[in-house]
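What follows are several structures.
Two complexes follow with chain A in common, the first pairing it with chain B and the second with chain C.
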Partner chain A sequence: MTSVKSLLAKPWIWSFIGALLVWLATIAFTGGYGAGGMVTAALSLAVFTVIVGVGQMFVITLGPGNVDLSLPANIGLASAVAMKVMDGNDSMIAVGLLAALACGAAIGAANYLLIWALRIPPIIATLSASFIIQSIDISYGRGLQIKPPPGFADFANWQILGIPVLAILTVLFTIGAAIALQRMIYGRSVLAIGQNIRAAWLAGVNVGRIRFLTYTLSGALGGIDGALLAGYFRGANVDIGNEYLLASIAVVVIGGTSVAGGKANVPGVWGAALFLVLLLTMLNTFGVSAGVRLLLTGLIIVGVITAAGGQKAPR
Partner chain B sequence: MPEGNADIIRLNGAEKHFGAVRALGGVDFHVGPGECVGLVGHNGAGKSTLMHMVAGTLVPDSGKIGVHGDTEDNYSVSRAQQLGIRCVFQELSLCPNLSVAENTRINHASLRGLSWRRKAADLIAAKLDEIFPGHSISASDIVGDLSIGRRQMVEVARAFTVTQDRLDLVILDEPTSSLDAHTAGQLLAFVRRFVAGGKSCILISHVLGEVLRNADRIVVMRDGKVVVADAADAFDRDRLVTAMGGAEARQKIAAQIAAAKPTASPLRVRARPAAQKDSTDLVACAGEIIGLAGLAGHGQTDLLLAIFTAASRARAGIEVTAPVALVAGDRQSDGIFPQWSIAENIGIRSLARLRSGVLISPQREAELAALWQKKIGIRTPDMNNNIFSLSGGNQQKALFARALGSDAQIVLMDDPMRGVDIGTKLEVYDLVREEAARGRTFLWYTTETEELDNCDHIYVFKNGRIVANLRRDELTEEKIIQSSFGDAA
Partner chain C sequence: MRPEMTAASLDTAARTSAERGALARARLLRGLLPALSLALVLLAIAWLNPRAISYFGFSLMLNLAIPIALATIAQMFVIAGNELDLSIGTFVGFVGCVTATWLKDAPLIGAVILLGSIGVYALLGALIHLRNLPSIVVTLGMSFVWQGLAILVLPKPGGKAPDWLLGLMAFKPPFIPFPIIAALLIGLIVHFGLMRTSYGVILRGSGGNPAALGRAGWSLLKTKIVLFALAGLFGVLSGMALIGITTSADANIGNGYTLLAIAGVILGGGEFVGGRVSPIGAVIGALTLALAASPLLTFMHIPPDWQVAANGAILIIVLAARVLISRKER
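== the complex of A and B ==
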């Protein structure tokens, strides 16, 4: 009984409950048909939101005003860079992934440079950076769809017993991220800065370095996400990252991370990503039109955030 | 008292507590018509609290307020305004984004109609001309663009403008702190004219000469009480200083510290304030407790922060030879991490030492917390409780534990005992002396003069500079007050 109680006290548990309810509602509607396939599909798609969601989570945890709005443009450019470097050639996969990672990290570092050197608020800096990145992407990729090497596309879609391999790898990655958040100096520093940046400075935290690392990390995760998306959807294009602007922020908030900063959790990002994907699947299954689907998605996100925001601050 | 000569304001037995802190302990205070009352006392003596009550911004916990001979039961700012009582507070209250004329309109609801802006401009311009002839401030200037001195001139002039409400009493809280000698003289001359016209003023100033020359009557406050109230010509500078400081014998704890001090210990900090004109340095060696004294906000915190910054990045004029930690006085904005437990709040300064491998060890973190809970006496059943489960004094102890539990050999203390109860203070004093005996260096900014008894050496600050440099055997409260209230700018 006490273990159930302590489980219910975790801020991330609600996103999983939400995902479960949506899934149950859908298979009740279909009469149990496609229940397993739905989970597999949800896992495959949730992976991409989780990867950028974790980056966004660290950024948002830095405190009010911190957000990375350049992720969609970043994903778009990195997917093009990865595909061009791989050039349809299986032997270049690792090099391509590294290129995407470096491209994303460079974008993240540039974001922080704008914030730090020009003292622009992060929301403006990352938004204006995304326009520049998008322009580079358009002139670099010429708007063409670039195909991944067959080996990479197969890898991105590879499943073992119905479980996507990418999802397994992402679970391992998120475990690492959770440990970094709670048990490493880096994570503690991010949490301290998010609660009170001045107190963090006076307690000896290297505020500038930690913020730089965080924006670079978010950028790098966006970059790798772009490469994986291009592999999964068998082609890179400029718009491939568009839906991850709202999604990356929504999974952070629905997952129980505080928008005010200083309080974060990684499991919630998974729960929220599954919830969002399953929600779309459910609405598709119910056969509602695209307009209604977007409307309901928006309303449900607002509802969840309102409910999650209802918990009282410790004061 | 005859009806025609009723006091403008009279407070009887006014008391005020902020939490456990007694700000005012039963004060009787009055201002009659046609007099200028000087109010002097240390930081924290209760002057501002008393003036907030006169102005209606604070309500006393107990005691009576009477205005113009009638008892006021629901006294408030707007009531004070109606009754002709205005206040110029130390923290300037003008809106920086509005013009001088627009700021004037805020206090005068009767300036209406399409031309209200011109009416307000005429009103404030006339008053500025009257008080500060040749002032060169335009009513259309945006307040944020004015220098701090000009802002103070506008603030003062605005308080003396009259439209429909009466004006009997103006409280001037440090009105000359940002004015140069010339404009300050203009203002004080105007105050004398104002008082000669049958109106009244309360003048608060740390420049004792100003008060002695311009007040008719002087009220001295200490520790939330009025200690002396007498005609101004009954005072001279020395009597005033003695009354403020409390000349009664104070126990000197630290004779034994001075005796036990090693003569040549290694240098830890050498620092010169940015505003220092001569070559005076603050020097701190291993095992020393150095006091930073003087009035609040005269550059002590700035120097501590400069030393803190210099520890990680080289800075001109400041030499720091060991790791530094800081104990914040303003807990909420500079110290506490509200989401965290007591243990996490203590551990943040020592994360690198709490690691095993790359991960922070929860066991070591708990050990550090438990060690300091015992050593400094943090009263809680569980160090994993949220930091806000502690009382203010115990939160402050956690901040001390954060600094003392770290590898820092230099501990900077930014007036850390603000609002802390006396029991906690005594415990922490003992601990500080004990840690100093082990070779740690403390730089201790404090606004409470008794705390300086714990120090080996005291630097007195004024206007961002070191103005006096006292060994502990030279330390008397009078000396500190003499230096920090010195009239020489």
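== the complex of A and C ==
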């Protein structure tokens, strides 16, 4: 009984309960048909949100005002870079992935450079950066119609017993992220900065370096996400990352991470990503129109955040 | 002992007054920065294409300046209360769709819908305050809601603006193009309301020091509701002005306005925290962005691919200039 109680006290459990409820509602509607396929599809799509969500989570945990708005542009550019470097060639997969990673990391580093050199709020820095990245992407990716190498597309869609391999790898990655957050100096420093940047600095945390690392990490994850998306959807395009601006912030907050910073939650990112993907699946299964689907998605996000409530701590 | 101390304190007094003069100069420079950046963009345009500096050129370049300025003012009210509205763009799109359909076909119902949507904004302000919610997430969710409603109202691009609105937006005053007059009017009215009335001070104070304001007996719930309702009102005006110019609507018509509006407020000297905003600055910021994104850039050897980047570059340059000035202010 106590174990159930302590489980319910975890902030991330609610996003999983929500995902489960949505899944049950959908299979009740279909009469049990396609229950397993739905989980497979949800896992493969949630992966992309989880990867950028973890990056966004580290950034948001740095404290109020820290958010990476350049992720969609970053994903778009990295997907084009990956496809161009791989050039449909199986032997270039690793090089292409590295190129996407480097491209994303460079964007993240540039973001922090703007924040640090101009001392502007991260929202505006990443926003200005995203305008410029978007232009580079439009110019660079114009008419780009390179298919991913067959080996890479197969890898991105590879399943073992109905479980996407990418999802298994992402679970391993998130376990690593959770360990980094709770057990490593880097993660503890991020949490400390989010709780009180001045106290963290006085305690000897190298604030500048940790913030630089965090924005670079978020950028790198956006880059790798772009490459994987291009593999999964068999091609890059400028708009491929558009939905991940809202999604990355939404999964972080629904997953129980504090927007005020200093409190992060890795499992919640998975729960929230599954919840959002299954929610879309449910609304599609119910056969509602695009307008109603958007309307309900929005209302449910507002409803969830209202139910979860804000932080009592002063901002 | 005593005279010495007096002399010393006199000395510090003299120095602080000199410092205060430098501080005032830096502050003045900072206040002028939005206008300077607008002048710089204008100079660049005049240099690249002298014919653009004319009645016709400005009417064309500033075509969309009125809706952008109104959306920027809407965002400014939200930022004044230390919040951020990520839904203003899709809200402008929703208003546009209602304007091009209901407001033309059934003006009364259309007006009720638009007033109701301002009410929704006021309720959001109350919700955010009462439950202490992060406004970024709430408005993120609302951006889906407005977009969904816009698609339900107008599934396919189309509709038509009411004739009176078309007539109003096509107004051609002598000598000075309408967008400039309208922008001036918007800036001055909001400046008077927010910077020169006592309740305007309270509204800004709710962003500057909410705790002090609350202890002084002012209702923070009420200030948040008023700020959000004002944002809703200016969002409605922005959507209507936009449809008056484009003549028909599309559910995605306002999507770019969310980020443009935030950029406009910041360009205009506003800050994210502390209730430091400037209505006239915000309007100037919006004009600068409208010019930077204007179709005329195409004729100025800036390929369309790089027009979005021009906006980003202007933001970065202005903010860099502000850092240089702020360093003096310190």
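Just so it is clear, the second predicted complex is superposed on the first by the 306 of 315 C-alpha atoms of A that agree within 3 Å, B and C clash if a C-alpha of one lies under 4 Å from a C-alpha of the other, contacts with A are read in each partner's own complex, and residues count from 1 in each chain.
Assume a contact is a pair of C-beta atoms (placed from the backbone, for glycine too) under 8 Å apart; a residue touches a chain by one contact, two chains touch by 3 or more.
Only a predicted model underlies this, so the values are computations on that prediction, with no experimental measurement involved.
In the superposed pair of complexes, A:G287 makes contact with neither chain B nor chain C. Between chain B and chain C, more residues of chain A are touched by C.
Once the two complexes are laid over each other on the shared chain, residue contacts for A:S130 go to chain C alone; chain B is not touched. In the superposition on chain A, A:L296 makes contact with chain C only, while chain B stays out of contact range.
In the superposition on chain A, contact of A:G32 is made with neither chain B nor chain C. When both complexes are aligned on chain A by C-alpha atoms, chain A residues 314-315 touch chain B in the first and chain C in the second.
If you check the complex, the residues on chain A that touch chain C are 64-65, 67, 69, 114, 117-121, 123-124, 127-132, 134-136, 138-139, 142, 246, 249-250, 253, 259-260, 289-302, 305-306, 309-312, 314-315. On chain C, the positions that touch chain A within their shared complex are 82, 84, 127, 131-134, 136-138, 140-152, 155, 211, 259, 262-263, 266, 271-273, 303, 305-309, 311-313, 315-316, 319-320, 323, 326. Across the complex, chain B is touched by residues 179, 183-185, 188-189, 191-192, 195-196, 198-200, 202-206, 262-263, 313-315 of chain A. Residue ranges on chain B touching chain A, taken from their complex, read 308, 312, 325-326, 328, 333-340, 344, 348-349, 351-352, 355, 358-360, 362, 386, 388, 402, 406.
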